[in-house]
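We just call them A, B and C in the order they show up, numbering each chain from 1.
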Amino acid sequence: MRAAVARQVRGFLREWRVALRITRVNFRARIEYRGDFLTALAMGLAWQTSVLVFATVLLTRFPGLGGWTSGGVLLIVAIRLLSHGAWVLIFNPLMMIPYIVQQGALDGYLIRPMPVYRQVLLYAFPLNALGDSFSALLLFAFAVTRVHLHWTPLTVLYLIAAVIGGMFLEAAIQTAVSILAFRHTIPLAIYMWFDRMIATFGNYPFSIFPLAARAVLTYVLPVAFVAYLPAAVLMGRAGTTGVPAGLAYASPAVGLVLYILARYAWYRALRRYESVGG
Amino acid sequence: MRITLITELSQPTRYVPQLTMVVIQLALTWWLWRALYAGVRVSAGLNVTQATTYALLGVLYLQFKSVDRWSNGDSMVQLMFEGTIAYWFTRPVSPRRWYLIRMCGDLAYGGAWALAAYGACWAAGVVAGPPSRAAGGAALLTLALGLVITYYLQLIVDLMCFWSTVNDSAVVAVQFASSLLSGAFAPLWFFPGWFQRADAFLPFESTLNTPLSLYVGRLPVSALGAQLAVQVAWCVGLALFTWWLWRRAAARVTVLGG
Amino acid sequence: MSAGTIVAEGLTKVFHTVARRPGLGGALKDLVRPERVPKVAVDQVSIRVDQGELLALLGPNGAGKSTTIKMLCGILTPTSGRVEVNGVVPHADRIANARQIGAVFGQRSQLWRDLTGRQSLEVLRDMYGLRDADYRERIREFNRILELEEFWDQRARQLSLGQRVRCDLAAALLHDPPVVFLDEPTIGMDVVVKEQVREFLRDQVRRRGRTVLLTTHDMTEVAKLAERVALIDHGALAYDGKTAGLRDLAGVTWEANVTVETVPALVDIPGLRLTRAEGTRLTFAPVPGAEAGDLTPRHAVRRLIEHLPVTDIRVEEPDLEDVVRQAFRAGR
């Protein structure tokens, strides 16, 4: 029994090592295109900075956002940026699936001894993730100084869980989108739209929205669970969100559950894959 | 142009989701701006109607600006990569004209959708009309010139692929720039002073911010002259630059692989 | 079942495409109620390849070769039928199957575009968990025959077709799989590289005992490489047996077109029969039958020159279209 478990663990570790090695090779390959590399870094930074700029602008020009302090709003933005940065770091290649399918490369993935989903994630090294994550950390540091929260180990753990949960939620959405790519050519714009929706509307405390908007942003596009609800929980305002408090507390779990469902659906769809050309 | 139309209309998966996305985004944007203005009357020189109209039109602009060629394997970079770009230089139509025709087709298609959406928004009462006929005319004029500038900017990015086949970041850069710096992401008037001043040196502002500002009345019609001058200057400059680039590109038709 | 066996029974694959009706009215109808049209790409194909055998799957474009091989690889799930490779069901047990097969698709590469050939091989080494010693030894062997070191430090996107396929071959065989699938591997290559690849494959089958299934639409390839051939057209299997038998079945052989100075009164050349005569242009074909059956074109040419005042001579391989058509007719 113990030997079997040890074997599982060893196998698991080995797979991680392989993934890391491939990532390193990808990274090296990307770095060789120096111009592209620097531009990508700069772009990641520039984009996130502008989002930041706009967020601060909003806070100064439109006071009293649904009763939230500026520090609280900054916390929402920070959590969202952190989870998005984590998402880009790991899951960005999902957006390449239409291209991978069109190139016929997916066939090759299907005959390699590695789960296809993982191979997709290892397709390329996401350079812009570096810029994204860096600015996310900056903003988070800034937000922490502005928001007056009593940080206990529990709240810190919850924060980490929220960021990871947000990452999984975004991954769930984009995984679901990529299912379409197996049978149709889907434009990149669809991925980007979801990305933009979360980026644009995920920054605000939802209490400013009318009921209809809140419903859309919670149950149709589950943006609320990414940053707003966890931030509300941290700020002790879980009761004012318009969503059952229990659900708000469970936001990180919502992301994880949706991700598991999406990935399962993805593999089911893969089985019905009809490859290109012939 | 016909190719674009047929390709787009023949695949419902192309425009049905796009339609849904636009509607949702418009609704959310409207709600957002109404909510933001709940506590203020005027901000950065825009009242709630102006800001909302601007924001909504910005959404329309972004959504319909470009047809997606990338997933079809038809974008310039991909053509370059596969080597099919060589065909452009052997056809009876010069590559420059061919690109122009393609772009016009794309813009016309996107424009048709945008117009339809605009009409729908107007009917729903979520978008306000211009304060005067002159303002409307001014907006249209500057929009037309703005589209020309957009065309040139896109052309420059696409031409870059003749020099470097890995231009993903450049593409992203221009997309980011054109959506943020033109005001499609959010009305430029809300950004800090230094941001607006820096942006004035770039062509993006005149592609969208100028027409929209005239439309909502943030810029008075009297400012039309100055704005036109700026736009024309950019048009001419970019036209010369791209003309020069095309010549260099044609000399460099290198195809990858053996 | 011995190792390295491919067994397929009653493989069928039906694709459903949406019919595009012409005209604007049709387009609208397509939008509201799309009509799904079934297309049978592969129809009840049964194949068996034993260990150490090389089977060529021959057929014209669109015949269903690629679809069949993708089902055998596990890339596509068959609509009906059973397939087992080395005891494993490919589409069900993907990862286990991946370790025992290698595949080369002529029209697309498995190498990473932005990595060099060597880097791609290294990544695959990690993925398959090969030991360093094994890896180095195999690389040495592949390099010897395929001459990889000439170009393996170039990025994959810069390689020519011949170089890329050679690299793909090494990549496919790196983990020493008992079964190898090749989908039109030499398509578009020049003659020299084609022969190099074929030599490599022959070596792998003979010396290493690999089981190879190869698809092609090139009759020459079949003739030079495979002792066994399966003919597939419009998704159905028309013939499955020895290559020589295919010619016999089809009754189509190579022909020698000869131009002579003067036409002799009586033309009697052992092993050859006159099939056509147009003035001074004569066409000969080998006499079918046990004794003359092994007459090679080269010997025929020699005999013709010995017996006739030849000014011009040309030998033509049978057209695949003819072979296929005849085979179908004969098979019916």
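What we mean here is this: a contact is a pair of C-beta atoms (placed from the backbone, for glycine too) under 8 Å apart; a residue touches a chain by one contact, two chains touch by 3 or more.
It should be emphasised that the depicted structure is a prediction, and the values quoted were computed from it without experimental measurement.
A.B. asks: Looking at chain pairs A-C and A-B, which one is connected by more C-beta pairs in contact?
C.D. replies: Of A-C and A-B, it is A-B that has more C-beta pairs in contact.
A.B. asks: Chain with the smallest distance from its CA centroid to the overall CA centroid?
C.D. replies: Per-chain C-alpha centroids ranked by distance to the global centroid put A first.
A.B. asks: Name the chain whose C-alpha centroid is most distant from the C-alpha centroid of chain A.
C.D. replies: It is C.
A.B. asks: When the C-alpha atoms of chain B and chain C are each averaged to a single point, how far apart are the two points in Å?
C.D. replies: The answer is 50 Å.
A.B. asks: Using mean C-alpha positions as chain centres, tell me how far chain A is from chain C in Å, no decimals.
C.D. replies: Once rounded, the distance between the two centres reads 45 Å.
A.B. asks: Please tell me the distance, in whole Å, between the geometric centres of chain A and chain B computed from their C-alpha atoms.
C.D. replies: Here chain A and chain B have centroids separated by 27 Å.
A.B. asks: I need the residues of chain C touching at least two other chains; which ones are they?
C.D. replies: Chain C, residues with two or more chain partners: not present.
A.B. asks: Can you list the chain B residues touching chain A in their complex?
C.D. replies: 11, 13-14, 17-18, 21, 24-25, 27-28, 31-32, 34-40, 43-44, 68, 70-73, 164, 166-170, 172-173, 176, 180, 185-186, 190-192, 195
A.B. asks: Would you mind writing out the residues of chain A in touch with chain B in their complex?
C.D. replies: 33, 35-37, 39-40, 42-43, 46-47, 50, 53-54, 57-58, 61-66, 98-99, 102, 127-128, 180, 184-190, 193, 197, 200-201, 204, 208-210, 212-213, 216-217, 220-221
A.B. asks: Name, in rising order, each residue of chain C that touches chain A in their complex.
C.D. replies: Those in contact with chain A are residues 15, 41, 62, 66-67, 70, 73-77, 91, 94-95, 97-99, 101, 103, 105, 107-108, 110, 112, 114-115, 119, 122-124, 126-129.
A.B. asks: Touching residues of chain A toward chain C in the complex: what are they?
C.D. replies: Answer in residue numbers: 14, 17-18, 21-22, 25-26, 29-30, 103-105, 107-108, 110-115, 124, 271-275, 277-278.
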